[in-house]
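First chain A sits with chain B, and in the next complex the same chain sits with chain C.
Up next is the complex of A and B:
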């Protein structure tokens, strides 16, 4: 939300810097601040309506279409999951079911949903903390040390970030069993550390680079070693970056399927949410209500986390991908 | 007492000195990350390459090195080329839709922010919402959306219009279109955010200059926005292409590669060869093909950064 407030915080630039359509509709009141200062709500609505251009209307239409396209499937699935057994969608269409039934959810919970949620939570918490524990020091080193091969090593890290983990699933079974990690949560967590560290290092290094080195020098003079400097001086300014990396890895770890399926797929008591739901839908073939209910439970935790923290996602997406050397 | 104390103190001092010196070397800081990368990325990749040179199988206990035979057989297998074709179609249309939709949405949101229109935040959040839904669940969500009965939303509404039911997942062409739409539904958030970020970096004075020169809205878009966005568009396109080429979970859940093999992209083909037909060596050869494709595109991506720096 505040991603937008940031922008709205500079209304003068918005109004005068780029008055879109300034040439086409001359004389239009462009300064929104003066409009909002109007006396009554009705007046304000009236001025706003009067100010609408054709392009505004087109953009509004696009907003509505986009919201419908992106949100509707989720709503439809949620709605489907709440219908009583056997009830089809009635004509005329109603998104809110006339009669709500939780029987589909009961079915999913009986199939082991609690255990899937537990496993996913465990893997996500330990996975994300391990990823941070490994990538924060590495990012610090890439930002604060000058050593031969630094650029080359950074290039290797970037390369690993670009290569899809899907590629390693064929040898993964052999690799994990030779390491004694097959069918263990620890194995999956360590695998996630290996897979997601490059992106995390890359993003965190960017944050470290923005902190002036004078802070390090000052801490050094005060007698701090590097670890103390990191802990007591740098950790606070780099905290937003750590938050972004944590959120990102939470989403990726919670959602990940193919690696988890390969490592844990044959051990049903270790199934994570993605594996559990995939197997569940294999069993319940055409029971769409049950599949819908399973989907809702699987995405709900992420949706809640996301709605609270979405502006950090935006940061992470842009900064993780658009960083030159 | 004092001698013991000073000995302990000296030991402590020595220890802290050693620690300090260790901490002053980057190796200690990098070691855990490098170890994780080596064990869980490099080792499996090397293993994949080695495996691709064997006839290893899940159902035979022994195997031998066969050199490049797997690759030769792959290249002469019409099925492989069919997978390449399907992957190319999937990737091409996905990428075009991702970039177009992302561009339009980014422009609309940027416009809304500047004009103070309502709903730009809701739009952005809605698009991003689709992106965080786990891939397997996206497959299932769209499966439910496209069910070939009244339970599927799309057929429900087509039914209201007197059309259908349309076999979205059992007709080969429609199934492929369905996977492309589901993939676009998920990935547009990424292109939208990247392009929106790019729009924020276009210097405002360029627009002012263009306006002084009498350029209309379209001209400003065509001659200011688009050229300024070029590096971002390029990088975004490359990244989306990489993601599209490696798509797995979504298609795995939505169509499982079917009907027949109509939606079997490379990653699914690899999976099937390795784990359903038990031909690990052959699966590994496909993995290597994918690896090479990834590396090539990464090369293009790095090149894009150079291009970006020049501009």
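Up next is the complex of A and C:
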């Protein structure tokens, strides 16, 4: 198979090479930009196709499979949300709905989607910013300060990360109850901060550790105290790490269900999007269209946030983000 | 500013008194360091890695608190003061420029943080400094888009813009390539002279130390081994460590036992002791001594003829007469050995010779000398080129004379400009 493509690819390049060359020559005289750009890109694609090896093809096949594996459920959900009632389980299965209907979305919004979105947004914004507010200085301290018990404390922080919150949910409920934090957003946010901070500290400490200590020294000689060093000097270099932590925690706090359901309980006015979706699951049957529609709406903000922050991963915040300052 | 108030050029400006720095866990980085710098001096702290030179510098800067001892600037103790209250500036090995700030912001940051100067005054000073360093057109760039040499200049700019009383340079050249390093070395030297600012310069590179320092302080194991002018440290090393550390290639050292009866040093070689050397060896704690000689001290001769046949080109006859001048023709001790490697570096070649009795020696010959690898040569070592060290303590017992009149001085200082 792949041997064939290789053999076929080579003559293609040489065969089309001449007419292309002719085109570029003419193009240079008349319109440089449009004429030269086209053929060179084409040429490059051709040569790259010709250079593909069996291994490359296998890797790409794997990529396609993996992407399909992850994208298919998303497409299915999107497709399900757009069908009119009754078309969902039609046979044979069709990914593209025969008839598009927004009735599921209408139903979801009537059921309180705006309130869920609002609650999730509030919890996520306050949760993630609180997590950052705690973990950035903590990671800085763990990375830079020498104090007794530093290693031990780091170990304890890691240990907490190992404990699944679901396992300690009963004691957590009791503590929340005695603190009067049940059925409050603050309670839920505090839980998220407590549970997500250890992981965030570890991740951020790794980023701080990569920044040369001399930068701290230089800042101190330039008259910065510890906090000023963090703010003026280290925050920018560590920004890609902060972006990573922010994304992880946004995804988690936005979609978390068990703790939210436990803490918020029956207080439906405070329910977040994940609890909202759950409400369409009934004892005698699930309203899959509504679940799908709610899921799609729930997904969108995350996609937006990710696309927004992804820019910083790719470019590296250190270089790119400072044009405005 | 501070430099303007100097009343006499020789007054002590920076002083370290029995500085000691221990880290938790029982590691002592600095055992005891005492140094005195007159105003405007450039002192180089040189030593192998881990000798405590950088820690000493950080103690002066206030980045580390010394466990004991005192740092005085202008006769006033600054121990316990924060770095910005010490009127110092520091340049780091990796420059430590703020990656997200432009060169302009990098240089001006310290002024913004420590002074109430208005923005336009800060900008004016930054531009002045940039002009001095020839980086005016780079001020809007971030460190990432600057070359190593340019980053180095920005780092220097950040230090001098604050017009500090004391300048601290921590291996400022080690990240530069060889050509640039030589150029920046001269530039730093010039800048230091122009600003007339007391400077402590840390390096592990003894060549750099020799060339740049008014004086050098050789550190090892957290202690000052010797403080002196580069020439003093080269010609009169106080101990075996300094002798082997200063000088490139380093001094040949042979551990021997002084045989009083035979009047000779026994070891890898048997070397007849002159009266001077015998007297010096008597000062040793025991019979163990170390013979040391610079690579340029011996001469290579044809082993068969026992006379100097290896031709020297473009060189006066002065060097050839040295041996005979002291011990008479043929009286200079000679050892047979085999040439392993010849490393030509231009005006000189380094010849590595393994003696028949075992030890390998490094010998410098003028670049024009024709020496072939894997041939047998005679190594003639006049006693006028021999240092003697205590075999146990390493303390220097005897140095050959130098800087004196006649052909002797011509020879011994001849190789010192390495």
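The definition used in the following text is that the second predicted complex is superposed on the first by the 224 of 325 C-alpha atoms of A that agree within 3 Å, B and C clash if a C-alpha of one lies under 4 Å from a C-alpha of the other, contacts with A are read in each partner's own complex, and residues count from 1 in each chain.
Everything that follows uses one rule, which is that contacts are C-beta pairs under 8 Å (C-beta built on N, C-alpha and C of every residue); 3 or more make two chains touch, one makes a residue touch a chain.
Here the structure is a predicted model, which means the values were calculated and not measured.
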Which of chain B and chain C A:277 touches, first, second, both or neither: first
Partner chain(s) touched by A:60 [first = chain B, second = chain C, both, neither]: first
First (chain B), second (chain C), both or neither touched by A:138: first
Partner chain(s) touched by A:301 [first = chain B, second = chain C, both, neither]: neither
Partner chain in contact with A:77 - chain B first, chain C second, else both or neither: first
Contacts of A:206 with chain B and chain C, given as first, second, both or neither: neither
First, second, both or neither for A:172, with chain B first and chain C second: first
Per-residue contact with chain A, leading partner among chain C and chain B: B
Contacts of A:233 with chain B and chain C, given as first, second, both or neither: second
Chain B/chain C common contact set on chain A: 318, 321-322
Chain C partner contacts - residues on chain A that touch it in the complex: 146, 212, 214-215, 217-224, 228, 232-233, 236-237, 318-319, 321-322
Chain A-facing residues of chain C, complex: 24, 58, 61-63, 82-84, 88-90, 92-101, 109-110, 113-114, 142, 144, 158
Interface residues, chain B side, partner chain A - complex: 16, 19-20, 23-24, 26, 29-30, 32-34, 36-37, 39-41, 43-45, 47-48, 51, 104-105, 108, 111-117, 119-130, 132-137, 140-145, 147, 149-151, 153, 156-157, 160, 185, 188-190, 193-194, 197, 204, 207-208, 211, 214, 216-217, 232, 235-236, 239, 242-243, 245-246, 248-249, 252-253, 267, 270-271, 274, 280, 283-284, 286-287, 290-291, 294-295, 297-298, 301-302, 305, 308-309
Chain B-touching residues of chain A, taken from the complex the two chains share: 1, 4, 7-8, 13-14, 17-18, 20-24, 32, 55-56, 59-60, 62-64, 66-67, 69-74, 76-77, 80, 88-89, 91-93, 133-135, 137-138, 140-142, 145, 147, 150, 153, 156-160, 162-164, 166-172, 174-175, 179, 190-191, 193-195, 197-198, 201, 225-227, 251, 254-258, 273-274, 277-278, 281, 288, 291-292, 294-295, 298-299, 302-303, 306-307, 310, 313-314, 317-318, 321-322, 324-325
